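One chain, chain A, appears in both complexes that follow, with chain B as partner in the first and chain C in the second.
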Partner chain A sequence: MANHQHAAPAPVGGSLVNIVTLSCGVLIALMAAILMVRFLFGLGAVTGLNDGYPWGIWVVVDVIIGSAFACGGFSVAMLVYIFNKGEYHPLVRPALLASLFGYTLAGAGVIFDLGRWWNVWNMFWPGSINPNSVMFEVAVCITLYIMVMWIEFSPTFLEAMGKTDAKKKLGKAMFFIIALGTVLPMMHQSSLGTLLVVMGVQIHPLWQTPILPLLYLLTAITMGYAVVLFESCLASSAYRRKIEMHMLTPLAKVMLGFLAVYLVVRLGDLLVRGALFKAFVPSVEALMFWLELACFIAPLILIGAETNRRNPAKLFLAGVLLMLGGALLRLNGFLIGYETGDGFTYFPTLAEVLVTAGMFAIEVLGYIIITRRFPVLPREEATH
Partner chain B sequence: MNTRRDFLKGVLASGAAATACVAAAPALARETRPRPPEALGLLYDATLCVGCKACVAACKEANNNPPEFSTVDHLWDTPLDTSGYTFNLIKMYRNGTMDAKDQETNGYAFMKTSCMHCGDPSCVSACPVSAMTKDPETGVVGYNPDKCIGCRYCVAACPFGIPKYQYDSPTGRIGKCELCRHRHKDGHYSACAEVCPTGATLFGRTEDLLAEAKRRLAMKPGELNRFPRGHLRHAQEKMLQGKEDGKGERKRKGWRNEPDQSYETPAGKYLQHVYGEKEYGGTQVLKLSGVNFQKVGMPDLPPDAAAAMSETIQHTLYGNLIMPFAVLGAMTYVAKRNVKPDDESSGKEES
Partner chain C sequence: MGDMNEIFETGRKTLQEVEQRLEMPRREFLQFCATLAVTMGLPSGAEAAVAKAIEAAKRPSVIWLHFQECTGCSESLLRAEHPTLEKLILDVISLDYHETLMAAAGHQAEAARKAAMKANKGKYVLVVEGAIPTKEKGIYCKIGGQTAIDMVKECAADAAAVIAIGSCASWGGMPSTISPLSDSSPTGSAGVAEVLGKPVVTIPGCPPNPYNFLATVVHFLTFGKLPEVDKLGRPKFAYSRLIHENCERRAHFDAGRFAMEFGDAGHRQGYCLYKLGCKGPETYANCSTLGFGDAGENNWPVGCGHPCIGCTEKGVGFQKPIHQVAKMLNVTPPLQYPRIVEEQGKAASFASAAAVAAVAGAAAGAAIMLTRNLGLSHAAEEAERANDAGKLSADKAGV
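On to the complex of A and B.
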């Protein structure tokens, strides 16, 4: 570790019952009710899915976008342990916690969407697996990564339970777990983009390219930092804690670096493939493309200057914009730019939206419970 | 100073690992796969089709599928598109006054919608659990519900929109034409071809069907010609005798004996295009039409299958897990230097 002194993580404390946790509870109950109908009567009973749009928001938002939002842990861990930027160390635990929830729920959420979920073991059964399938790679990597993240995060629980010995032993192997924790998300976040390649001409040329894995990986990393900015600002305001500007300001600069690389690759690819002209053909796809691009370019203007990066409101806004941009890239590729033939339309039903909301509610509730009861956020003289 | 040097090392290590692997990549590029030599398929000739839909009914019966209704009275099977319960459908093209058959303007035409049995199918490449498979000999793309997890990646991947899911069932399956492979052992071939009264749908080896299609394209429109019905007998004979090495006989019993059903009729006016000969590297179901294929619902596809590109990327990145292990090695090396054993213990220590 580098020469930095940080406050040790400590539980925030305070009551677990408030308007936010109660709202989360209601959303989770609604989700459970809808899922019961889904498992009793089939996907058609609650979703707007059809054969023209076999994947809806449960796949695209909950899993593909949701897991990208959960890249904070991976992005920050890579910065701290691989690029040896120890000054960001206090950001690791909260970011990892959010990732842990994001991924665990994305993994669990897949089950709701699987039409024949009881066969899911075939995904790991040597006699059934198909290594040619991009989805097989994604599934195996995400499963492994969820396990790796629980191990990565376990010192927090061991610490709270006072099991110092177990923690010390784990600490000796932690470097390998951390290395795994950077490689696995690189693999599946890129492959989430590759998922589109086999769909061929059905995907609009603005979002169909052989370099999809690179685009999805770069945006996943960028979104990871954006989520950390977002969460840090939100946690500070919700828990009335001091905002960690001394870390967030330089972190934003790292984020902009990845963003700049992404923009060069993205626009370069569109030019080389000659697909850019499609963005000037009046269509819903073109509109969505410009919206997506605007979300990626705006942060450069907003916090491009060092002085602006010291402004928490601007950091927060830039974080939100980048999360939105990354989400749009995925939404556009998988739903807006997906055209399988005439006669099919898809719009999520209220039930689908409520299930997605319920998933995010579990994340928020889990984050609140764990940060209030376990040592995650840096200790500080906070008022509650 | 140390920090900066370590940072650069991290960058270098990951960069070097990535470059090494990408440099070795082109060897893993995969070409579009051709149809197997003994591939079975169908030839659908839209100019012979009279739109009687006997094939739709026969398909329902052969696959034990329930009727689907689109009229108020629910009297008979009237599906509007293929579905998880309808694997074969005849669709109609109409334009203007509908004066003449197989005419693009002021005309009408029929088109069969069912699985094309691609040489290099996207659904098979996409399926994570090998529930969708391509028979190495017959090339039939088959489905196994006992493995299927219902993820519907095959539905999304197919450029023809063929695999369909049963959304109305808690145990929904994927439904698609499997060329009646369950009937082959009894000497029966595809039910749609068996019942077709005009030979518009013909069963056989794709190689033979392609030759037959080219024979038809060379005919003069309106000229009397002989057209086979049911299955191409040539295929059967070739099979029963076995090829030069006698392999054919051993592997398949051959189709049940039926009298020659060929008949004479005037040749239609064909577009000089055998759909499926080149599309996506070639499909086992071939189609002839008098009306532009895109107008009758067949997509305009490149000669390379998307599966080839997808698998090239997949194996370039993950072939033999070389790249992941190289990157993991680099990451472990760097992390070992940067992570202290008690790093996670309090985060408060100074060094």
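On to the complex of A and C.
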């Protein structure tokens, strides 16, 4: 990174009280109230879960989709540190911040969904663990990654507190932490796909394939870049800053590369398995499949040309579409194409929707507070 | 050929004799022998030995004593039809003393007992039905002026075998139940083994299945010794398995389908009675494989929808409350069970559908607005850049 000179990160500053933070506060308060009922009276009191659908949007949206959205930090860190593309370095901290929140909340979200949450310590207790379980792999890996990410992000806090010595000491071990921070998400993002593989015929053929781990990993990386596009455009708009187009335009190209690989693997797999015809049988699943595929293909058309990649509006839209596509892939596999038996239905209750909204509100509020008070976003140049 | 015919002829003659003596068709008699052999878990071919033993008509003398009991064991034996009791007591064995069934009464009866004991010294079978009160030297049960303790000791002294029938004779049974407020039962009731101070064969049950008793007697007739028993004196052929292991409702237990109260949906569908206090999981007996009363299978408490009370198990039957949940001796079920009717989820409510639509709408709206603004500012920047470039070229041209 020595050969790249970037503006040092600095706090954005400004008031913490505005319409956005207040709305977030209301959503978070509602979530807290619902969660209190949930922890006192059980899952049945607030959710629409049943034996046929033992997980709902708290797991699928908050944890599985949420952690995929939180892959920005991992995707960018991999690009900067593993592929040594130092020019993207200013994107690392904001991306890492979003990931940090996404993952920490995903970890907390799992607890909300555990029927007997007070037994959760068994997951890590040597006498109780089941090392053959995919769930165990996901749980331990995500827990480790959350810790790794907090360490990875800690220089931001150390800088703000003026502890340069501690930061320097941490810097010496950082290469190891960064390596872990790249390996761990690759492990569990693919394992989230494996979760579906072990469910066999309960998953619709359009989303059930032995290469699900690869599909989930590829989309997680792609979504990571999409989230960076989304987050950069949003932050620039909200804070009235200049959009870092000189980084986002080439980053979008990297993203399209991963996207192309994904589409080849995805469609190739459907053809090889002979499952593609299911997409032409009129059904909710087929409709959702086409919607999902459209979300993945649209960015290629939208920002396939270099000139279009210079347009922040198109970059933003492409980022949103890709996030939606990745989210649909997960939603379709884990809920819509998931069938455990006749008669079972699931639709999230109002309480579940409000809790999920509250989780995203925490992320937004946390992002605002930290970027306004801690050095995350690059300092705006006075020349602008 | 002549020899073979002779053998067949003899066999036929013997069977004909048995047929006449037992008033039982040949086929039914052989069936009876096979049933008993199977009950005892004897190897194939043993039914022939059983048949031969019964055919031989040695008719061992049996002395049957009654103490603290309800005669339920004898009553249950009366319900046996293969053979009926009168055939059994008149033709298979020689029942020389049985207070309920014998014609004699008073001193005549006691004289008959003493005569039989003397005539068959060391060869008769002693059957005891009912518990023996031991408190205050056994004064709570006297027959002909003799206490139960003295009587059982006297009869057991010269018996070839002692069989305790029913839970009362086995360990004290219902009369030995100790109230939580006292430290002994009212009469200090004890089983035969305790009084005699030596192990005896016990056929516990309230009442026991008559075929378990008959099979034990026939085993003695056939092989001249009593069957193999467990540490409580119960014949292993009948009492080596938990009722739970072969229960017809076991599949429901394994699937977690339980009747929660009498007459509920699960009870009506024949679900497992574990949660109603069935003691099958801690009671050793063959009730679940050998029905009662010759009325076919399912004719036993659990088959009729009532939980097992554990009558063959000391410390369970008459001791634990009937509806107390049994202690699992092998697999312990989880603390929580699935419900009988599982909820299958509800379709979207208006509120939840509206909430999802609102979130989706807000996100889409915000995304469109933001895209539009970004597009507008981009267009403005582009225009400015074009303008700058135009000015620059115009300046150049001007120079």
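Some observations on this one:
Basically, the second predicted complex is superposed on the first by the 379 of 384 C-alpha atoms of A that agree within 3 Å, B and C clash if a C-alpha of one lies under 4 Å from a C-alpha of the other, contacts with A are read in each partner's own complex, and residues count from 1 in each chain.
Rule of thumb we're sticking to: a contact is a pair of C-beta atoms (placed from the backbone, for glycine too) under 8 Å apart; a residue touches a chain by one contact, two chains touch by 3 or more.
The structure presented is a predicted model; accordingly, all values stated were derived computationally and were not measured.
Applying the stated clash criterion after superposition on chain A shows that chain B and chain C collide. When chain B and chain C are set side by side, the one touching more residues of chain A is B. Contact with chain C, but none with chain B, is seen for A:Cys233 once the two complexes are overlaid on the shared chain.
Using the contact criterion defined above for the overlaid structures, shared-chain residue A:Trp117 touches chain B, although it does not reach chain C.
When the shared chain is aligned, chain B and chain C each come close enough to touch A:Asp51. In the superposition on chain A, A:Leu350 contacts chain C only, with no contact to chain B. Applying the stated contact rule after C-alpha superposition, one finds that A:Ala294 touches neither chain B nor chain C.
Looking at the shared chain after the overlay, A:Ala8 reaches chain B, while chain C stays out of its contact range.
Using the contact criterion defined above for the overlaid structures, shared-chain residue A:Ala313 touches chain C, although it does not reach chain B. Overlap of the chain B and chain C interfaces on chain A: residues 49-52, 343. Interface residues of chain A, counted against chain C in their complex, comprise 48-53, 233-234, 237, 243, 311-314, 316-317, 320, 343-350, 352-354, 357.
Listed in rising order, the residues of chain C touching chain A in the complex are 338, 342-349, 351-353, 355-356, 359, 367, 370-375, 377-378. On the side of chain B, the complex with chain A involves touching residues 2-3, 6-7, 10-11, 14, 81, 83-84, 122, 125-131, 145-153, 155-157, 159, 161, 164-173, 297, 299-302, 305-307, 309-311, 313-315, 317-318, 324, 327-328, 331-332, 334-351.
Within the complex, the chain A residues that touch chain B are 1-3, 5-9, 39-45, 47, 49-52, 54-55, 80-86, 89-90, 113-117, 119-120, 122-123, 125, 128-137, 139, 155, 159, 164, 167-168, 170-172, 174-176, 178-180, 182-183, 186-187, 190-191, 194-195, 197-202, 210, 213, 338, 340-341, 343.
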